[in-house]
Amino acid sequence: METHRRKKVEIVIESVRAQDALDWITSYGVTGHTLIPHVTGAGHQGRQAGDDLTRLFENVLIIAITREEIARRILEDSVQMFENYTAIVYLSDVEVARGEHF
Amino acid sequence: METHRRKKVEIVIESVRAQDALDWITSYGVTGHTLIPHVTGAGHQGRQAGDDLTRLFENVLIIAITREEIARRILEDSVQMFENYTAIVYLSDVEVARGEHF
Amino acid sequence: METHRRKKVEIVIESVRAQDALDWITSYGVTGHTLIPHVTGAGHQGRQAGDDLTRLFENVLIIAITREEIARRILEDSVQMFENYTAIVYLSDVEVARGEHF
């Protein structure tokens, strides 16, 4: 069977900004995503607790499978997009069966 | 240290079909998995909300590490297996220390 | 834009040992992580249910992006570190925009 190489874009971002991030990647042509809520994290801008009372800083992990050129534009533009708040973005290679879905 | 290349199989599928999907990959010889519950998603077949009142369309993310030949058969057969409902399947490369476990 | 290759380290481990695992990877120089709670799994040491009454055996998935040499030392040392209990560790390739953060 012929399979298709795509890129997986992963974004870890505060829950309160998840919809903004989804709208943002959709504007590049991303047609689907998976969102994992209630994740916690720590990074270069400090610890963020998912069990924080206010939940203001709870994170989500957004996963999107898309074409390489779209993924590269998202990664490149993420530097400016997320300049002022905590978010991490990374790409990896995946292989799918139905290329027309991604 | 010698490490071992394996494939990661990821399946996003409705929660109500998770057990079917686990039984299905086990039938190929997959010996372990990780399941992330309560994920939400949107794709070519429309939005699926994890906070839906009925939870009928809540998704899970299943992750399994296995040998390449098994992963390829799962990816290939997934087209027919998931023909009639929303599921996405993709493969990627991983490296493990203890090859006998996967 | 110049991007940077890093390794993603993923660790699936019992929730009660998550902090130990985080302290352990931090000791190698890992500077950030994402933790997904409440995951379930089954593997070569048997099934572990996230909805277990005691929650003793509920798992978490820890994701860390780091430099290759750190990731390789963690993978290698994980064999001894997790010799006596259920944990799985695997590496994969990722690409990031801001190398100084990982």
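By written order: A, B and C. Residues from 1 in each chain.
In the analysis below, contacts are C-beta pairs under 8 Å (C-beta built on N, C-alpha and C of every residue); 3 or more make two chains touch, one makes a residue touch a chain.
Quantities reported herein were computed from a predicted structural model and do not represent experimental measurements.
If you draw each protein chain as a dot and join the dots that touch, every dot ends up joined to every other dot. The best fit of Cα atoms from chain A onto chain C calls for a rotation angle of 120°, in steps of 5. Note: centroid distance chain A to chain B, computed from Cα atoms, is 19 Å. Contacts with at least two other chains are made by residues 36, 38, 92-93 of chain B. Residues of chain A that touch chain C in their complex: 10, 12, 36, 38-44, 50, 59, 61, 75-76, 78-79, 88-93. Chain A makes touch with chain B in their complex at residues 1, 3, 6, 8, 31-38, 63, 65, 92-98, 101.
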